[in-house]
Structures are given as structure tokens and as C-alpha cells.
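As C-alpha cells, here come the structures.
Same chain, two partners: chain A is paired with chain B first, then with chain C.
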Partner chain A sequence: MTEVNQRGVASVPDRAAAHRPAAPSGGVPARHRAGPAARRKRRGPSPLTILLFMLPGLAMFGLLVVIPVVSAIYFSFFKWNGLGGPPGISETSEWLGLGNFARAFSDSVFRGDLLRGLVLMVLSLTVQLPFSLALALLLHQKFPGRTIFRLLFFAPYVISEVITGVLFGVVLRQEGGLVNELLRSAGLGSLVPANGWLGTRSILLVVAFVVITWKYFGFHMIIYLAGRQNIPRELTEAAMTDGATPWQAFRHVTLPLLGPTIRVTIFLSVIGVIQLFDMIFVLTGPNYGGPGHAAETMAITMYRHGFQRFEVGYASAISVIMFLICLVFALAYIRFVMRRDIEGAVTNVGGRR
Partner chain B sequence: MSQVPGSVPSSRRTTVAATAVVPGRPGRPPATPGGSGQPVAPRRRRRWRNIRLSVIAGVVAVVVIVVPILFGVIGGFKDPGQLQSNPLGPPSPWNVNNYVDILSDGRFWRNTFNSLFIGLATVALVVSASALAAFMFARYAFRGREVLFMLFAAGLMFPPAVAVLPLFVLLREIGLLSSPWGVILPQAAFGLPLTIIILRTFFRGIPAEIEESAVLDGCSTFGVFWRIMLPMARPALAVVAVLALVTSWNNFLLPLLVLISERDWWTLPLGVQQFSSQFGQDTARVLAYTMLATVPALAFFFVAERQIVAGIAPTVGSKG
Partner chain C sequence: MNGTLRRGTVALSATVALLLASACGSDSGGSDGGASWWHIQTGEQALSDLFPQLAEEFNEANDANIQPEPIANDDFKPALTTAMQAGDPPDIFHSWGGGVLAQYVRAGLVKDITDDVSDIVQNMSPGALAPYTIDGRIYGLPFDMGMVGMWYNKALFEEAGLDPDNPPATWSELLDAVTALKEAGITPIAIAGAAPWTQHYWFSYLSIRIMGVDGYTAAREAKSFDDPGFLQAAQLWKELVDMEPFQDGFLQQGYGGEDSSPAVFGAGGAAMHLMGQWDPSVQESSSGTSLGDDLGWFPFPAVEGGAGSIDEVYGGGNGHAVGANAPDYAVDFLVFLATEAYDRILEQEPSIIPVTLDAEIPASEVNRILIQESVANASSFQLYFDQDLPPAVGDQVNASVGAITDGSATPEEAVQQMHETFQAEPDFQVEE
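Moving on, here comes the complex of A and B:
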């Protein structure tokens, strides 16, 4: 790190120094600043130029992200079937205040969605992420074929949830499905559930979780692998030299150093569970959410009410609740959990090492 | 480009940094020569350990990934009767009709073309709009910059599913339902946060001197962006483009809502889902369609794996 002429290393502090002065002054245009720095600093572009550069992004983001989110909040206060102009003007609309929210929280299906979301999150954190981590640590070892295995495990990430869902719909079906036929030919036919893997209320959520894990474990594995490769080998080697067992080296050296990476994947995983839709939609066929809403999620409930029953106001209230859960979770998580590694997380996204 | 220190694009910069570490690792070499008499047994043990690791990884890979996919591919070569009576064994005879029918029917190709068109248009829009904005965010201080940037960054926290219903109403009002642009524009808009953040970080890393000398030579702001920043940012642009393409390719909810009544514009995921509910009885045909639909994505994956990995976990591609 000390060789100054190593460009990769030397340039990092340079850049940081060059840009730090700009950050705190925020609103002050560069040209108003005096001192020797001002001469070096070129005059900034005019406000019009800045506006023109920002315009395409701002217009798209404002029109297609900000306005929909804000109008969801507005819609959520009405009973409205989505027709005849915006609610309040439309003759079919009716002001309900917080009525839609009260309805959601007294609806057993929606409360069930919250509970099922929680179950999926817990399963992700206790099964999916540890499994991905174990594979990442395995693939971090040097052994023949590890590049191929890395590609194989990561490949489901580019296969869409729909395709995964349709494939596993066949793999899991009652007659002629891969799982059941394997079980039967192994003499374990008694394990086959009488109503099928996708038709049994008590297990449907777990089955869906397994399929979701199939698609996403490689994604988390790749992130862990990157994090693991950033830990200098000397650290674990030193621990082993000092007599640590492999488990102790993992527990007290590798795992703490993977902390920031793990916290990022937990964040991604939770946000993913909140918006889960495609996989459930496809896996549970025309009976969205499965028998007895066994695998229904908030997004599915929103879809059923908004697009099948045309209860746009109520479905908007569900959207707003999803939005608030994301917001509260993200803010709390960033504030309390990721506070120390936020710098790391941001640079991680940008690939600045 | 090479005469400017520090201008190395991020992906390559990582490699430089990585190799720079190697000479500083004196711990390794002494370990082997010092014990050159005794390492025969450990080396053999290590080889056994490596083989054991390969076997573990191989078993997991085959059971978890290969078997379900192979089941799908081979299932597509059976006829419905075979799939029922002989679900596990190889097809006898091999029945290529499912695959041939699908490939000679325009529907599959139309789906593929639509996915490609919608994906490429999304990429063009999101990357150009993000590059323009990220350039401003990275290089100039202006009033409201931090607030605007926070607004975009906040978009990262919100999955598209939360806004899809009002978005649908909006698209209906402005007449974009049943049009591919009703998918392209929102996808591009929701892709902005991540793309802007990645590109901004990258633009920040380009030294100010290059830009200053260009300005002294009479280059306009747009000239700096177009002639200097964009060419230098090519690796980062590739990463964000590939990420946006994969996201668009796999998107289902938005095409479902916007394009469901416009069969000619169905994308592959929508086509697969509709095909499977239409031909639900003919499972072999559904499997064939589904497996064919994975081919473009997997082919692209093997070509662009490096960029995909760099987008979600930037350091693994160059070191692994």
C-alpha cells in the first residue's frame, strides 16, 4: 500500500482528497469560492446546462416513480373502482379516510400476509443465507472445477422467476413429478403428501420458500464470495498458526469480517420478501396464493383486490402499507444495523476498491 | 488513456490493486522451501482434501441445479403418455415434435424478440438518462444536489411492486396500456437509482485534470461528457447495461399488467406463463417451451457473467 507509484493504490487517496472540498459546501457554486483552489477549479456549467443534464432522469423518475407513489397514498383514502376519473372527482368514488387501512388490518388474509412474510424472512435468514454462505466458503477453497460450480450455482439467478415457477410446478406435481417419482422409486412413497406438494396448506409456504431459495441462493453466494475474497489470507492463516481450529478461525475471524457483506444480503433478502409476487403467482396457478391463502403475499393480495376485484382504493392501501414497511425497515436498518458499514456498502455498489 | 495515472476503469483497477498485494505476501514462499523435506504427506493430504471438496460441490450442483433442469429438458422430448408412465427414464422414442413445433411456430420467436426489444430499449433509456444525471452529480456542485441525489437513492429502497397499481392507472390515463412503452418507460424509471449510484461513483474516480485540460482546450460541458467521460466509463456502462437487461428480461408483473391483452407484445416470461396455463394438460410441451425460454438467458449469462457479477458484487469477477 505504501508504494506511491502503484497507480491503483495511490490514486484512491488522491481522488478522495480532490473531491472532499466539494461535498460539504453543497449549495455554493464553485465559482464563488476564493483562494487558490478557485483558480484550479473550472467554472461550473450554468444552471440551465445542469437542468438539461438532469432533465431526462428527473422527468422519468418524477412521472413514473414519485407520482405513482404519491397517488397511491391519495387513492388509499377512497373506495374507488379505478374508473371515471381520479377518486374525489369520479362519481363512483367515496371518501373513507383511514377505512381501507382499518380494513386491511382487520382482514385475516392481510394479517396472514404479514405473518407469512415474517416466516419467509426468518427462513431466509436461518436457512437460505447460511446455505449460501457455506457454499461461498466452499467455493473459496481452491479445488478443481470450482469455476464451473460457481457458474452453475449462479445460473438460476438469470432464469426468471416465472420459468423457475413453471419448471418446479412440473417437478413437484403429484403424478409424474420428479420429486414424487424419486421418492416412490426409493421406497419413500409414504412421504408424498396426499394433496401434493403444491396443494397442501400446511407445507405450501415452505415448499415455495425452497423454490425461491433455488433461484436466489446463487445470488447471495456470489456476494459472499466477493466479500470472502476481500479478506486477506494472512488473517485466517495467522489465526491457524496461533492454534485456532478451522471453526474458530471462521467464527472469530472470517465471520466478523464478513459482517458488512452479510448485513447487505439480509437487507436485500428482506426487501425481496416484501415484494414477492412472480414466483407465488406462477407456482400456485390460477388459485393465486394457493389453497386457503397458504402462500399468499402482500403483493398477491394487492393484485387480487386491485386487478381482479377492482377495489383500487383498498389495493392502494395495501401498496402504501408495503411502502411504509419498506421505508421503516430500510431507515431503521440503515440507522441501527448498517451505520458502521454504510461507507463500505456504498463503495461496494460502485465497485470502488 | 494510459498516460493518466489513476484513470484505469474500476474493473481493471481492482486487478492492479490485487496484483499489487501479491509481492507483499512474503508469508507464503518461506513456508514451502523451509519444509521441502516433509511436505509429501501434507501435499497428498491436500490433494485428497481438494478431491473431497470437488465431490461435495459436485454432488450439491448435480442434485440441486442439474437434475431439475435436465428433467425439464428431457421431459420436453417425451409425449404426454411417456411423461406419465416413464417420468424418470430417458424418452423412448425421443420425440422432437414439441421442440420443433415451438421453434417453427412464430409465437416463441415473437416472445423472444419482444423481450429483446423491450430490454434493449430499457437499457438505452436508463443508461443514457442515468449517465447524464450521474455526470452532474459526480462532477459539479449545485444547489439542491444532495437533496436530489437522496431522492434518487431513496428509490433503491422501494421495489416496483409497491407502485405498480397507481402506475397502471397512470399508464391507462396517458394511453400507454397495451404498448411496449408502457413497460419500457417504467422499467427505465425504476432502474435509475441503482444505475445513477454506480455511474456516479465511477465518474467520481476520473481525475479532474483530464476534464480541466479539455475545458481549457475549449470543450463544452456536453463535450466533456460525450468525448471524455463516456468513453472512459465503458466498463461501468457495460456493467449497468447488463444488469438492466437482466432485470428487464426477467420482469413479469409489469408486462403482465400492461401487455396481457396485447398478445403480439407478450414477453418471454409472460409467454411462458400463458403457455403453461393454456397447455397445462400437455406438460411435455410446457416443459419444452420453458426450457427453450431459458436458452437466451443462459447463453447471455455465459457471455456476460463477469459484468453481472461486477454489478452485484464488484470484486469477485476480477479476482476469482
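Moving on, here comes the complex of A and C:
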């Protein structure tokens, strides 16, 4: 009997909701029947519920992001070999204040890392991205076998950085390497550097850049291709009808509409350069960035000091500097360059519209 | 865009998480899951088969639980670093002794086994034991003892008109040999340009030939590289580099593998290779061939006017140390390895040089006998600089010597870098 009663009672608000859609209602069927207006007016979950659902995410974020970052910052103030418990407690640690940071900026290797990073960034933005864009526009045209080319060009991105490093180590071998053998059989043996592609200080950074480009141009190409496909054909056709040359159509219609896509790839490219590690580490083997630090990056310097030299404090300082560079760049870039692209997607600072 | 921003943070925090893990690591030394035994004999088939057998026999006889964990050499170093920084050393682990082991000892991570092994060390070569003796106490037992020396190709020497039975004994004779080989169109020296630790052998040998082991020891005590002997050694090395005696493309070749200096030397592509006692096995595995009877060995030549002599030996061995929290039977196992089991290790005829005074090498192994005699008759013994010095200084020595080789630093700059790194090395005193 009670069941019947309960069902009967429960059905009352259901029916009421059906008749008065605007009324707040908690029943499940009501929510389905109610319009958007009802949903907006419905009382939201309590702050406690929100907190409860966010807790797992917050815990993970705190555990995996906040605590490590904070401890790295803490470590970076010490001279510490990583042994005997955390610095401050460990007997093999010594408070340095900002000493590790001063050391980094007076160290010619680390300053070189910054310079090399800048060179790679400039090369990426002026060579790699335009190259990928050109390819994307080419592959946007209709021609037989287009899908196969798209697939082939994207393939290197799927291979891991370590495998890419090993692969090019073999391809660039002095004797029996693919590149040198091709050059020699084409009668261009004089182009082979005497110390090898990976052993010549003056060209190593460029060689590394070529390998990076080989790996990532397909990725940028696919992004551009997706961006290009989102541009309605009518716009270009209208421009052409109005007498625009193909170059003008590209310059004044396609390029501006690709703007958001290009800005994203620039962002990814720069962040990627700042964190570059695996490929160079594998390419240059036990020499940490090649002869004369020719292709050493910040991350490699950090690894060398942390794991090879037991200078965990100094390595932490380098990691903190890397973090700050990433953070400042990312915030500034998003705030000033990508502002229009992400309007509404990200919370506006200070509720500005 | 949050996603991409997070990429940056995640990559960084992955690094830092390692450090965090080290700070939070707990001591869990073998009380429940047995005693882990980290060894690096993965290349030598005979030993990688024998080691687990020995552990099993020992476990059955002593109701122990030793668990061998073979780790490849290059993976072993960072793995051990991480375990040590977590304050959780393996119960038994491979060690070359020296400054790296000393660093762990001073952090209280290694067991003092002096009293347990006082009997058996009587039958051991003092030179082999020295790297494991820190502040007068013993922290490990060696099972292999060797030295760095010059491997050379007798056939190529003959081809260049040099007497293969009378290899260079002085530095100037060596330079003459290099010239003669070059004139005969033979690459005089194979070297791993991309692995600076192989080049630091040249620099260290030149240093101890010029200053003597005593001179080097005094400099190490003073935490200094400003002795003119180091600069002279760097300059002599630079002089040799300038003669361009190395194989084509050496700067991108490492040590071991198809495209490497032992592969070049093993295939007869160069006349000399300065390397440790283990090199013949790497030559064979890297080149796929064997030089056979053409392979010869001679000690590093003396430097004219130097304080050191040709019978001072530079090198090191392989051994094991015991983690601070290891069960007692771990020490017993080390003793077992050095006594009852040691003969069976030697029976496998691995390319190791015995550390016990009464061990014998088969007469056919001419080069191994030469090395064993050189070690046994050494007037003094010097451990590899990059193991003997604190890790940061050892790594700087390698890097600086590499910089001379690739031309990115002058000898003066290179020695100055080493000196500055050594001076900056902290002198932590840890109370026991």
C-alpha cells in the first residue's frame, strides 16, 4: 500500500511540472520535459557538492603539479646532492638563496642553451611553419593520391622522439649512412663534413633543426589543413570573381582566416623548443648535446647536473627557470596574441567583455 | 589553451616529481621481499648465466633470499642514483668504488663490512681493494681488477714499418709511431669522440706520467687542478689531436655498437685503441670479427722528464657493495662470491682479471696475463679520475677533455674549467 501511495505522491509534481514548465522541479522526467528556461532557473548544486566532485581533480593536480613545482622551487635554493633526505634536513645540503640562479645566468653553457633555444625558435617560425603551411595548402588542392601524401607526411609525427633520434643516428653515419652514401653516389662526396653531420660543431644545431622539422612538419601541416578546410570556398570564389589574383586571395582571404590556427602552432612550436630534450639526447649520445655543447638544450643541462653530477639543487634551479620561461611566455602570448581567438573559451580576466 | 599550457607544466613536474619521490622515499631494505642484487653483467653471457645460479645455490644453503636483478650498464647509473636519492639503496649493488661510492658512504647509505671481510681481503690484491676502502674502512669487494692500456694491431704496425714486438715506450716514440702510421696511410688511433670518458683516459694517463700518482693525489687533496702538470698533460693531448690521428668522423662515434671506435679498431681500421681490460670482448661484439693473434697490448708510454713511471697503473675493477639496510646474509653472500664461488666465476673464463693473489689465467690468454702482471707489479695504482673524483668534478674532467678534442676549448681553458669546478665542490662533513 505504501508503495502505491508513494508513487501517487511522486506523480503530483511531475504532472504539475508538465503544466507549469517554469516552475522549479526536481523530478527527472520533469527535466526532460521542461524547456531551457526551466533549466536556467533550476537551483544549482550546493557548493559542497561542487567541491566534492572537484576533489579528485584537485587532489591529482595538487599532488602531481603543485607539490612538485613548489618542492622544485624549494630545492633550487640549496646546494644539495640529492642524498640524505630533503635539503635543509640533509647534512649534504647548504642554503644558497638565489645562488643557483646567479650561477645559471653566469654559466656560459646555460647562457648558450638560451641562445640556442632562441635560434631554434627563429628557425622554427621562419622555416618550419611556413614550409608546413605551404604543404598544407598544396595538399588542400584536389589531385590523385592526395590522401596518401597526407598520411606519409603525418607519419613521422607518430614515431616517438627517441626512435627518431636513433633512426637519424643511423641515417647520418659517416660510413654506410644513408645521407653520405647518397651524396657520394651522386658525386657530391665533397659535401660530407669531415667530422660527420653529428660531429661538426658549426652545423650540428642546424642538423638537429632539420631532424626536428622532419618529425614535426606533418603535425603542423595537419593543423593547417584542418584550418584551411574550415574556410568556406565561397569566400575565395567571391574574391576571385571580384578580380583578385590567386596571391591576393591567399594574402587577404585565406591567411587572415588561418590566423587563429597559425597562432596556435606558433605557441606549440615555441613551447616545444623550450622543452626539447629526448631527440637531442639520443642523437648526441653520451656527449650531452654534441661536441662543444653545439646542440645542448636547457633540459639536457638540467639532466646532466641532476643525474650525472649530483647537483640536484642547481638542476632544480634550471627546471624552475624553464618553468618560468614557459609560464611567462604562455601567459603573455595568450593574453596579448591569442586574446581574440579564445574569447569566451577561457574565463575573462576581471569579467571584461 | 589550458591544455597546451598544462603540457608545459606537466613536463616540468614530471622531472620534479622524481625529485619529490626522492624526498619522500622510505627505507625498505629487504626485510620482507628478500635482498635485491643489482649487477651489470649483461654483456658477458657466461656471467649473466652464472650469477643467478650462484644466488639460487646460496639461497638454498643458507635459507636466504638473494634476488639478482641484471641491469644494463648505461641504465644502471641513473637507476642507482635515483634509488640512492630516495634513501633506499639496493641490498647488494655493483660499484666501481672511489668518489662516487664515497659520496654514498658519507650519506650513510652503504654498510661498513670491514670486520666481516678482514680474513678474505688478505688474499686480495691491495690495488683492487683500494677503491672500496674509504676513510680506512672497507665498503665493498671487487671481483675484477684491470687497467687501461694501449691495445694495438700488430699487423698494421708491421705494415707501417714499425716493430710490433717493440711498441712505443715513451711519448715521443708514440708520436713517431703516429707519424709513421699516417705516412703509411693507416689511421693511427681509434677514439670515441662522442664519448668523452674514453678521451679522459689519455689526459689522466698523461697527468700521472707527468706528475706521478703522488702528484695527482696531492692535487686532489688540495681540490685543485692548478699544478702545471695538468696543463702540460692537456697541451700534450692537444698536440696529439692536432696531428689528426683519429678515424674519419670520430666526433660522432661513441663506444660500443656498430658505428663506434671499438668497431673500427676491431675491424682493423686503426692501429691503436687506449682502453680498459674489457675491450677485446667489445671489439668483437661491435665489429663482428676478431683480430686474433694480431691483437697486442702495451702499457701507456712514459713522458720524458715526467715524475711518474711506466709501471704506475691507471684503471679500476668491478665489485659489489652492500646497502645500509640490507639483511646480514647479504654480506655473507658477498663473502661467498669472493671465496667459494670465485673459482667458478673464473672457470667461465670471462674477460676479467682476477683479484685474488693465487688465481691463474690460462697461458693462451697472452694479453690478459700481460695486464694481470702489470697490475700485480704496479708501483702504484690510480682509479679512473671520473670515479675517483667527486661526480661533478669527474664529469667536468670528461667534458673539458672532450672540449679539447673537438676544439671548443684550449688546454688552458679546459684545465681552468676543471679547477673551478673542483674549487666549487662543497666539503660536507657528515657525522656518523
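We adopt the following convention: the second predicted complex is superposed on the first by the 289 of 353 C-alpha atoms of A that agree within 3 Å, B and C clash if a C-alpha of one lies under 4 Å from a C-alpha of the other, contacts with A are read in each partner's own complex, and residues count from 1 in each chain.
By definition in this document, a contact is a pair of C-beta atoms (placed from the backbone, for glycine too) under 8 Å apart; a residue touches a chain by one contact, two chains touch by 3 or more.
Everything numeric here is computed off the predicted structure, so don't read it as measured data.
**Q** For A:155, select first, second, both or neither according to whether it touches chain B, chain C, the two together, or no partner.
**A** In the superposed model, A:155 contacts chain B only, not chain C.
**Q** Who does A:202 touch here: chain B (first), chain C (second), both, or neither?
**A** neither
**Q** What is the contact status of A:126 with respect to chain B (first) and chain C (second): first, second, both, or neither?
**A** In the superposition, A:126 contacts neither chain B nor chain C.
**Q** Residues of chain A touched by chain B versus by chain C: which partner has the larger set?
**A** Tallying touched residues of chain A, the top partner is B.
**Q** Go through the superposed model and pick first if A:245 touches only chain B, second if only chain C, both, or neither.
**A** In the superposition, A:245 contacts neither chain B nor chain C.
**Q** Considering only touches as defined above, state whether A:311 meets chain B (first), chain C (second), both or neither.
**A** The second partner, chain C, only.
**Q** Does chain B (first) or chain C (second) touch A:327, or do both, or does neither?
**A** So A:327 meets both chain B and chain C here.
**Q** Based on the superposed arrangement, let me know which partner A:278 touches: chain B (first), chain C (second), both, or neither?
**A** first
**Q** Mind working out whether A:287 is in touch with chain B, chain C, both or neither, as first, second, both or neither?
**A** second
**Q** Go through chain A and flag every residue that touches chain B in one model and chain C in the other.
**A** 64-65, 67-69, 71-72, 75, 82, 169-170, 173, 175-176, 271, 274-275, 285-286, 302, 306-307, 312, 316, 319, 322-323, 326-327, 330, 346.
**Q** State the interface residues of chain A toward chain C in the complex, per the touch definition above.
**A** Listed in rising order, the residues of chain A that touch chain C are 64-65, 67-69, 71-72, 75, 79, 81-86, 90-92, 94, 169-170, 172-176, 194-201, 264, 267-268, 271, 274-275, 284-288, 290-294, 302, 304-312, 316, 319, 322-323, 326-327, 330, 334, 338, 342, 345-346.
**Q** Where on chain C is chain A touching in the complex?
**A** By the definition above, chain C touches chain A via 1-2, 4-13, 15-17, 19-20, 22-23, 77-78, 81, 84-85, 87, 103-104, 106-109, 193-197, 248-255, 259, 390-392, 395-396, 399, 402-403, 405-409, 426, 428, 430-431.
**Q** Under the touch definition given earlier, write down the residues of chain A that touch chain B in their complex.
**A** On the chain A side, the touching residues are 1, 3, 6-11, 14-15, 18-19, 22, 25-30, 40, 42, 44-45, 47, 49-50, 53-54, 56-58, 60-61, 63-69, 71-72, 75, 82, 135, 138-139, 141-147, 149-163, 166-171, 173, 175-178, 181-182, 185, 214, 219, 222-223, 225-227, 229-230, 232-234, 237, 271-272, 274-275, 277-278, 281-282, 285-286, 299, 302, 306-307, 312, 315-316, 319-320, 322-323, 326-327, 330, 346-353.
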